[in-house]
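Two complexes come next, and they have one chain in common, chain A, joined by chain B in the first and chain C in the second.
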Partner chain A sequence: MNKEYIIRNLKAILGRAYPRVIAANREYSWIIADIILPLLSVIAYGTLYKFLGASKDFLGFAVLGGAMSAFWLNVLWDMASQLYWEKMSGNLQLYILSPISLVSILLGMSIGGMLATSLRAAATLIVGTFIFKLDFSLINITQLLLVFFLTLAALYGLGMMLASLYLIWGREAWHLSEFFQEPVYLVSGMYFPVKFLGKVGFFSSLIPLTVGLDGLRQLLFKEGATFGFLSVNIEILILIILTVIYALLAIYYLKKMEYLARKEGKLTIRWE
Partner chain B sequence: MGIIKKFLNDFKSSFYLGWKIESNWTDPLLFFIYSLAKPLSSAFILIFMYMIISQGQMNEMLPHLIIGNALHLYTANVLFGMAWTVIDDREFYETLKYIYISPVSMFQFLAGRGFAKYLITTISSFIIIIFGFIFLNVRFTPIASWYIYFPIFLFVGSISLFIIGYFFAGINFLISRQGSFLTQSAAGVFLLLTGAIFPIDTFPGFLGKVGIYIPQTIWIDGMRKILLGDGWNSFFINMSINRMLSMLIIENIIYFIIIFLFFNFSLKIARQRGLIDQRTMG
Partner chain C sequence: MDDSISIKTENLGRIYKKEGGVLEALKNININVNRGEIFGLLGPNGAGKTTLIKILTTLLLPSSGKAYVLGYDVETETLKIREKINMVSGGEWAGYGILTVRENLWMFSQFYGIPTKKAKREIDKYLEIFGLEEDANTKISKLSTGMRQKMNIIRGILSNPEVLFLDEPTLGLDVQIARTVRSFIKVWMKEKEGRTILLTTHYLNEADELCNRIAIIDNGEIHALDTPQGLKKILKNKIMYSVELERESYLNLKELPYTTKFTVNPLKDGKIEVKFQIQDENKIVDIFNYLKNNGFNLVSFRKREPTLEDVFIEIVGKEFKEDE
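Presenting the complex of A and B:
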């Protein structure tokens, strides 16, 4: 791998991240949608908790879950489905023709997506905090940052892997993203501590959001540790393992997808 | 061909088209799982939240919650189904212009497409209620003559779903890609304001009163009253089911007149401004 190739790929990463951060912010309706839609769920679930007489920390769990759901939506709709959309719009063939690795394209999408979604998730968190007058009690900032960034790394690694799989699965991409929305909210304990799902929690730990969200709750709320699923250190370890596994699988499936698509001549076929 | 026969034919064709669009992308079993996964997951999130806070204790709130959520699915899906049809057919399939110039009325066409969603939602809602009945020990304590009121209320309430659906479809004729966001957020707003998962009185002041003027609020609380003996919104708590039914019918009529005029106006404006075949989503 020569220096020129590396620079070219770094430029590709920047180039693909650019529209995710800059262009996405040009369409105001998308910004509003990305903030308002999770916020509506947050208000609904928070109000339900309030109505049921839950403690403020549970309201906080719902708000944090709603904020983190923005990342899951971004991974599903803007990562996993992306290569399929690119095929539909005719860009995929250009990516493959260009002298760069497809991994750089996906990495650029991930970095851009993370940055843009972080702003939206922060907005949901701030407005949710304001509406429900939440009390945070920060336990350990180093662990908090570690859990947050590892969650994003593992989550976007999963997104990169799904991008290739979605392309193989073809026109069912839209439905798959729909399918993976609410069921993942349920099994990952997006709006309630995953501890209450019992053994299901171990299986859903394959979704980085499950352990990530649980760790963040433990580190941000007084009652977080009481309702914690695993200890934060174990959750950090799980997130590291998931990050590595999903990154490797993403590269493997990307190569496989490209081979299959070339072999079957499907790179330029729309609506399939 | 008689007017009624033509109406039924048009409705049947658009329903069939809607059904095919919804279901023909996969095999029936996968479609069945896909159709149930989303609504059932949403219902289970609420049930888990409830169970955690009540520490496993069941009280009268759970049946209210389950029925409210099951009925809200109709609001969300029919509203989304009808409004999304405009965007989907215009932006992705690019067939809205052909439907517009065909002898089918857009009004009937959207009703048929919405009805496909209505049927799919019926299965999900039914399963949620049955699940509550079998596994969560939800028991119905219906009012006298519930077998008369239930189908009437279900029918009148269902009409209100379609009326609201026309409103959002009308808006989507006039706007571009923002329609997708508007449609999704509308379902969220209805969840908050109609008392589906908590009483509307939980909101303070004006917000807690808006729901009274939304037909779905009366529908959901009326259905609770019919099946469980009482509702949970204080405004309707002492109201007889007959009065609630009258109120729902009156609101339906008022909304229908306003929305029918708005819908036709939207179509007219969309045609004048050349929006019927616009493409704004890539």
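Presenting the complex of A and C:
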């Protein structure tokens, strides 16, 4: 791999991230989809917690879940399904034709998606904090940043892997996004501590959001550790393992997808 | 591989698996495309043109045989080929509607590692050439088909490819824009020595105007390969006529005695144009009489030079239909 190739791929990452970031400034429908709708769920859970007399930190758990749900929606709808849409628009064949790795394209999508979604997640968090007058207790900022960025890395690694798989499986796979969306809210403990799910939590730890959210709650709220599923260090370890596994699988399936595209001639032709 | 050759195929074949069998899209294709030439692949839809382009641009693997671009094997040396080529297809809707023309072009330039400053300079240069400078900041979702295709052509040449693949580049464009695209192709080829274009088209006039050599392809096979003039020489001993006729609407011309390769094209006002070849020029009066006796009134007639369409009919044995 020479220097020129590396620079070209870095530029490709930047190039492909650009539309994602720009879209956030030009399309304002996301304010409804990514802030107001999650906030409605947050308000519903917040009202329930208030009614049940739960501690104020539970409101914080729900607000944090609402904020992080923006990343899950972004991964599901703008990462996993994206290569399918790229195929339909004719972009996919131009990506394959370019002298770069397809991994750079997906990394560009991921980074652009993360940046744009961070803005949305932050907006939910700020509005939620204002509505419920939340109290944060910053336990360990290093661990907090580590958990947050590892959650995103593992989550977008999962998205990159699904992007190739959706394309290989065909258009029907797109319905998987609809199928996955709501159950993941439940099993990952998006609006409540996953500890309450018992052993289900071990299985749902394959979804980076589960351990990521749990870790963030433990590091941001006073009662977070009391309702923690696993220790933060173990959760960091799980997130590192998930990041590596999903990244390797993403690269593997991307290569497989390109091979199948060239062998069968179906994946890059939009009407096939 | 000889340095003067850009593209070479050796017994290249490609099959597609279909329900209940296989479709042989390409059969033993052997072509050599020279550096510096515009090489045309002329054939109807489904002839195998796009399959061949997809193999040469590394988007598709051959099922048999070999293909080389600039001396590199399309199966194993994909990166080396991709660094030096680009492709533009007709009816292409690539890019992102949310981005402007300039932003889209910049994005694609990054995939070829072009420094931003240089990319912006080149983009502005080509936008001006194509008369798109006023639309540079328009979102591409707002562009007409013609404007979008001009942008696609700019995308294809921004990376300064040694070999440019143009797959039906003027498909669906109005006459004026198609003319602009064709003029630009000629200028671009002259701008730098050694550039090669492989052009697929089912517009016969386009192939005639642009190409140094043309391969006539149908059903996955190359039927003839020569310069446009060379191909037309195949018909040098044939006498060709084009006649315009008026008729009652219910009348159809199904046969015409003394002629071969006759085709009928409907014109405006219910008129038809009939093209045919004859061996014996003395028979033309008999033909006109036959037409008159069968309800067709002669409006005009002319003896004409052979076109690539005639060559296609002569070689492939059927009429060249764009919607085939």
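The definition used in the following text is that the second predicted complex is superposed on the first by the 263 of 272 C-alpha atoms of A that agree within 3 Å, B and C clash if a C-alpha of one lies under 4 Å from a C-alpha of the other, contacts with A are read in each partner's own complex, and residues count from 1 in each chain.
Just so it is clear, contacts are C-beta pairs under 8 Å (C-beta built on N, C-alpha and C of every residue); 3 or more make two chains touch, one makes a residue touch a chain.
All figures in this text were calculated on a predicted structure; none of them were measured in a lab.
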item: Fit or clash - chain C, chain B, common chain A; value: fit
item: Superposition-derived angle with apex at the Cα centre of chain A and sides reaching chain B and chain C, degrees in steps of 10; value: 90
item: First, second, both or neither for A:S89, with chain B first and chain C second; value: both
item: Chain B versus chain C as contact partner of A:I100, first or second or both or neither; value: second
item: A:E4 touches, of chain B and chain C: first, second, both or neither?; value: second
item: Which of chain B and chain C A:R26 touches, first, second, both or neither; value: second
item: First, second, both or neither for A:A261, with chain B first and chain C second; value: second
item: First (chain B), second (chain C), both or neither touched by A:A54; value: first
item: Chain B versus chain C as contact partner of A:Y18, first or second or both or neither; value: second
item: Which of chain B and chain C A:Y185 touches, first, second, both or neither; value: first
item: Lowest inter-chain C-alpha distance for chain C and chain B in the superposed arrangement, angstrom; value: 7
item: Common interface positions of chain A, toward chain B and toward chain C; value: 27, 89
item: In the complex, chain B residues that touch chain A; value: 25-26, 34, 37-39, 41-42, 44-46, 48-54, 61, 177-178, 180-181, 184-185, 188-189, 191-192, 197-199, 202-203, 282
item: Touch list for chain A against partner chain C, complex; value: 4-5, 7-8, 11-12, 14-16, 18-19, 22-23, 26-27, 89-91, 93-100, 261-265, 268
item: Residues of chain C defined as touching chain A within the complex; value: 14, 16-17, 51, 54, 57-61, 79, 82-83, 85-87, 89, 92-96, 98-99, 103, 106-114
item: Footprint of chain B on chain A - complex, ascending; value: 27, 29-30, 32-33, 36-37, 40-41, 43-45, 47-54, 58, 85, 89, 171-172, 175, 178-179, 181-183, 185-186, 190-193, 196-197
